[in-house]
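Each of the next two complexes has chain A plus one more chain, namely chain B in the first and chain C in the second.
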Partner chain A sequence: MAKHGGWAGKVLRIDLSTGRISSEDTVEKYKDVLGGTGLGYKVLWEEVAPGTKPFDPANKIVFGTGPLAGTGAPCNGRTAITTLWPTCWPKPLVASGHMGGQFAAELKYAGYDGIIIEGKADRPVYVSIMDKKVEIKDARHLWGQGIRRTTVELSQQFGPEVCVAAIGQAGENLIPMSVVMNAYSHSAGGVGAVMGSKNLKAIAVHGTGSVTIAGKKEEWEKLVKLHLSLLGANNQHVVPSSPQPWAEYYSPGSRWKGSRGNKWGASEPAIDTGICDPHDLNTIAYRTNNAAFYLGDIAWKYTVRGNGCTGCPIRCHTMIKVPSVAAKYGISEVGMNTCGGLNFGRSFFRKFPDGARGMTSMEACMVGMHMSDDYGLWCNYSQLQRDFLKLYETGIIKNKLGEKEFNSYSWDKYEKSDPSFLFELLPRIALKQGELATALGLGTGYMLETWSLSEEEWKKDNRLSYWKMGHPKHHASEEVGQCGVIINTQYNRDPQCHSHCNFTRNGLPLELQKRLAAETWGTQDAIDALGSYTPMNIGKARMAKWSLIRKELHDSLSLCNWMGPWVASPLKERGYRGDDSMESMLYSVATGDPKSREELDRVGERIFLLHRALTIRDMGTKEMSTQHDTVPEWVYNDQEKRPAYTKGTTHLGRDDVKLAMGMFYEEMGWDKTTGAPRAETYRRLGLAKVAEELGKKGLLG
Partner chain B sequence: MLRRGGALIMNHYEEAQKLLGKVLGSLGLDDELSRRQFLKLSGFSIIGITALGPGLAKGSAKPLIIMEQAEGIVLADPTRCVGCRRCELACTEFNDGKAQPSISRIKVNRNINFGPKGLYTGRDSLGNWGNGLIIQDLCKQCPHPVPCANACPNDAIVVKPPLNARVVDPDRCVGCKMCQKACPWEMLSFDSEKNKATKCFLCDGKPKCVDACPASALTYASWQDLTEKVPPRAVPTAVLPPAKAAACIDCHKK
Partner chain C sequence: MSDRHDISLQTKETIIDVIAESIRRKSQAGQLASENEIFQELLNRDILKGDREESQRLFKEALEETLNRYEDLEKLPDRGEGPRFYSSQFMTQSYTRILLQKETDLLLLIAEVVRENSAVYPRPVSLDLFGDSPFNLSQDQLQGYLQQMAKEEGYRDIKQTTTSAGNVFLYSSLHLEPDYASMLAEWFDVGQFNNP
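Right after this comes the complex of A and B.
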């Protein structure tokens, strides 16, 4: 039995160079950073020297879960995987990929909160973790196989309950645009090739142990039920997308798609999703249908059910069954994924003969999902597809490729938006075949460099959604104004932060949102209506700080930042309030280490600051404002040349964004000009040694 | 040994007979009945020896006759299951204070990927890797003979009124795992942290798993006999102690 609630107790360390397997005490060594990304940043800070390259044996991969993984706290299925990021351009820096699925829970039940992978095996290997029995095994028979076959073979060996996190051919071939994937459809981007560089094909894990809840079980049950009652649909959309008998409001943009008459049509027999009254906790799983959200009402007929992570009632990975694809493309008729993964194949095409929400679009999704999730390809938040479209439509592909290679693709099929075109393109990316596929597999930054294209050009194009350093925006100014901009400047990949947009897009009327905003960030001016932006104010800086802290908290506790935080709820009787202390309440009862919201937020800030420190150290400059926290040109542009802050526009003013960054830096306790954290800020958050080290290098603010 | 065991059983029979007579008398069935006739009166055979007198539960070679049917049962609809495992988590967290699906009394995870057969056979499989259907395995609260209870050398599986769920008495359980080998549906769990077997006890009529399901895939209902309807997962390998077996033959012979 673990000494503490929540944590499993040990972090596993596996040196693939020497074959040495050891473990260390989680609470003793890593409690100050909780787990997840916190664990990853700490290991990289302490153990990976600046200048290390992603594929060097000296780089480490940290699979981190947190104290809530494997418990019944809703939405806890996340594993954060931290390493030096191979698509971060022009210089690889620290970043994390996150996967859901069953991996986090299984790892915890096996007795481990995380795995630190170091070194490089001299031949292909996989790691098996069956409770306390940890082994490095020969994987030569799996090398060259896709993720699906690898998973099936390891499941046959270790039993049907094993969870396999594997890379496909893309990762083996050191394609930076590659993933590690578990539980059929749950992937973490960017990490595949780093595993491949270590000759690590897979980690197979199964645990029969427990995660202890420190608090009284009655108290935990009450808390879990409170949390469940505050959940919305996916992305914490708290109003339904269509009028419902119980609902005061609805919003067509909501992911809450369940409604009487909307049926899981491919279930046998079909199941009506019903009215999904939020007070009925036994129907939460019927709210979300991301296939219908992205592909339109046509998807209902093909929906088998929702699927998703351990312990999550939301089920954002919609399982669809499309019989036509079996005969037409020779692929399985059942598939599942969400967001970028679901749309992987479809996003390569600008339009379809039968419209954006027709059968061809759905078939493209099926082909794309099956291929990318087997070869282990990453979309970089669909930047891969946007880059491809841009390269094709501007004639760059034709110009760059020799005639022979260009003609080896069936462009006539592509022009007709025929999904079978994907059979030509996707395997070549994974197998590094030809110049086009090789360039696409590098990620945007290195692709642009290889083909001598201008990054500035990419930064101007609104449709490309490219932000910086080889990565796209992820809920930026187009959705959440200045707060979105600030968040998108902070990471070394797309930020993967949803704290802000989960609130602004929750579907509640603006006046209600403003009331909740005032309660949370001190002023109702923290948020604006979409397309009706106002100039920067302190509330937006506070909201940005809060968003980033909560993102890191979620990634370190193992709560899903695609669902939280829970400022709003679907409950009218609560004035649609959620509970902004959900994270700290769950943490306190699960671990037995009581922390208030403010205290836990300080831990989140510490983790975020450690990421900042790593970035500064490895960049070797404190000039973050100009060298790192940059904003692409498209943020300032309106295609119709309207002035910023006029109705219907989502672009921002240059001076106002500068003001926003300065206000944010001050709010964080960072130098207002450089954006480098000050020594006292590090010390306030318990990172005095970090400050000392950066001080020696002249990297303090 | 056999003779001694036989003698014990005879004593036990006589004692049981008296008790049964008393109970049946209270039901208005005061004819003297043979045990066999008694069993035939299935409509009234809802009486457990164990519940009638704790003294009877002592001794290793008595026939364990649990005849009180359970009052409730958890039923599952596989077409609604979304594979979230919140049932397994609720079962263990809210009952045991720890999240541990391996000891959950509802078993879903073992069927999630490939279905009850446990092996991938292409899209013919069930589960996430097959057609999507997830089978939730649940205790049948078996009618007599209760395989797990019969296999227990310590009679640690007892009937718990008022719902008459078949439950593990942790004070008697010595952790031999014979019950696990006896259940055709592999529904017994073993908590290695406590060295005790555990099984579904219906949460005193408010099953945590039913309460926790976000897809309304579980229902708590009046007991019904599913033992003939649900195919077994395993061939039971627990051996009935010979003395018990002998006593069983007495009743079950044609």
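Right after this comes the complex of A and C.
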């Protein structure tokens, strides 16, 4: 059995100031934090001083993969990118973005588990990693180009196998609302400008190696097959969206859209997705069609196929071909993305003349993708669009802009929900042209500050979905009650955690969900029916802890938290049970480092704790419950003033939320009042030195 | 044993194979199998031939034996159109309920789907559901049934709610309160897409 499979073995360190390129042993230095966000948090803790700003050369960007990236494990392929966050307001703190695509696998095949980018180049550069040959190269010919042109140029230079992660003009212009993107449509939000501040245009990577699996071939193959058998559709929805012959249950909320008669209409020949029996592992890719999920059945006609990350069978990025947009808007007739990226363009408009699921809406998606994915603009989980709508509809834009700038926009087009309006807005944001575009490009927090707008106003309006520190909620109380609230308090941007809502939205009937909840979190009361919330209990605190730990584990192993964990499955013969040990089984066999579910969860908890420590250190306070883990006002409000926990409402009670936070802190081993982790908790999780350092500053719980 | 007996046994085994395969194939295709269809298939494939009465006797014998032999092959109660058969390997009981009810009483089918969804998940049901497979009702048909429901005592619990997107959802007041149904409809029609 090979020693330490999974990991490629080296973490690359590239100093753009000095041009020095070196590497470190992954297992020796970073095994205790696995990779991904764990790697990122450790580097920032040890090497980036408090008070550093995102665009300072002293800031670092850590591109981290994990031991499962590039293996045959389903749903691997994520790269976590950790840095000091430009849109984190009022004070920049640590955060991560994630991108899928092909980057993680290529980096592993080249022999690296991560890249630590330091310093700042004195001119635009890109990094090329061709197996062991790593170089910093002149990018002046690429600077000013969009992501697509950059990708094409570097692909022509290094060959079609190369994976290019690039920023567009938005990142170059230090627009905080910017991304890095690889493989056409896979972006990590929020980091584009940090790369831009370092004059780093792109990273081109190609590897001809492979990833070693420590365990026996048969054992690994059996495990991969088990994992495949437990998969549902995107977001681990385990029932189809409409009745199917093989299915006992179905849910209109399910992303499992494949069905006989639903065809990839723009593929040649058209492909009927068929009944997608869950036992047929060769048709997993037919289950999900996110274009149809968001844009309606009209999207089937325009669907070419599903696309996605290396080796992932889910294919959640839908490729759509809409011939009419070429002549109408002068853009490519092919677009591809998922969720926020897919909806980037249409989210700027309140409604469309032919409805939310008509052609105009689809055209707006195509126009939006065309520009955002090339300029490299970030939506901040559609907060950009919600802010724009609020600013326009309340007259703030008109008040704030000078007459000349205001009149330079075709507001009549916008009023008609004409997608061509986006050609006036999006380039200006990327190129920082005009006051409106500049404000929007800052991100919500700095936009509010620049325009002297009240954050409290944003926190009261539930249509804005704003949470705190310049960022929106991401699966909060509107669907997972107190557990969702707890999760959304914990990060320095939106949490990007799907562990909890993948479960609650899986489509199974409530009784089955409660049975699975009891098996996983010790009580069926861990979950409530949507809109029929009950007061806080220990099960919900456990579920919140589990959700956060698993999110960090996924982001450090390179598993997709948009798909896992795998508590439920589509298999009736298993009682719809998945396997909550999936992560630990994959990790153990791949690396040769056997860990039970509980043991690996402790590693995940360690990684999450490191994020907490970083936040506390850089905020300079241990009063996390009042200074950081805050909850916006809209969580407590009901438009019809009904009491909390009335059926048909999703707002919560203040005292109950306070109780929820206290129970969560206790579950985590943190001070119940301040929310600061205690010394013994750090020590228990192998972070004694962290405790020591925080102790000297009086920042322990 | 005589040659004739051997041939007869062989034929019966072949018939059993075809019956099993036919039921499973239809189930996989989302359809129930009827006695007439299976019998006709055997005739068309020349497996049954000759005297009609003898063929039917042989068929019925083989059918019974097939159902006894294979655990996955199930017989559904006769609702007046003859018994139906399905394979539990490819079709669930809940799906057979939809197909059976579709053959006999569409009004009741709609109500039962709405009631089941309201009780079990719980959630209201979009009208759009009934336009898709396996219901395949036209808009006119659906509106006709809804109007009929509104007039009949036995369907008083079937209520409507309209979302902010203008789409109609049905729910059963036996299992969902109006506010709750309205909130859930809004989530499934609008809210979940605003929370990708």
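As a convention for this text, the second predicted complex is superposed on the first by the 698 of 701 C-alpha atoms of A that agree within 3 Å, B and C clash if a C-alpha of one lies under 4 Å from a C-alpha of the other, contacts with A are read in each partner's own complex, and residues count from 1 in each chain.
Simple rule for what comes next: contacts are C-beta pairs under 8 Å (C-beta built on N, C-alpha and C of every residue); 3 or more make two chains touch, one makes a residue touch a chain.
This one's a predicted model, so the numbers in the text were calculated from it and none came from an experiment.
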Is A:Ile213 in contact with chain B, with chain C, with both, or with neither (first, second, both, neither)?
first
When the two structures are overlaid on chain A, which partner does A:Pro509 contact: first (chain B), second (chain C), both, or neither?
second
Going by the contact rule set out at the top, does A:Ala356 touch chain B (first), chain C (second), both, or neither?
second
Chain A contact check, chain B vs chain C, more residues touched by chain B
After superposition on the shared chain, which partner residues are touched by A:Gly340: those of chain B (first), chain C (second), both, or neither?
second
Just to be sure I read the superposition right, which of the two partners does A:Gly261 touch: chain B = first, chain C = second, or both, or neither?
second
Quick one: classify A:Trp246 as touching chain B (first), chain C (second), both or neither.
second
Check the residue A:Gly395 against both partner chains and state whether it touches chain B (first), chain C (second), both, or neither.
neither
Let me check the overlay on chain A: which residues of chain A are in contact with chain B and also with chain C?
none
Which chain C residues qualify as touching chain A in the complex?
27-30, 90-95, 98, 120-123, 125-126, 129, 132-134, 165, 177, 179-184, 187-188, 191-196
Going by the contact rule at the top, pick out the chain A residues touching chain B in the complex.
1, 70-72, 102, 105, 109, 152, 155-156, 159-161, 183-184, 207-213, 216-217, 220-221, 224, 228, 267-269, 271, 281-286, 304-313, 315, 319, 321, 332-334, 336
Given the complex, residues on chain A that touch chain C span 242-249, 251-253, 259-261, 275, 277, 293-294, 339-340, 343, 355-356, 382, 465, 475, 478-479, 505, 509-511, 529-532, 572, 646-650
Which of the residues in chain B end up touching chain A in this complex?
79-86, 89-90, 92-103, 109-114, 118-120, 123, 128-132, 192-193, 208, 211-216
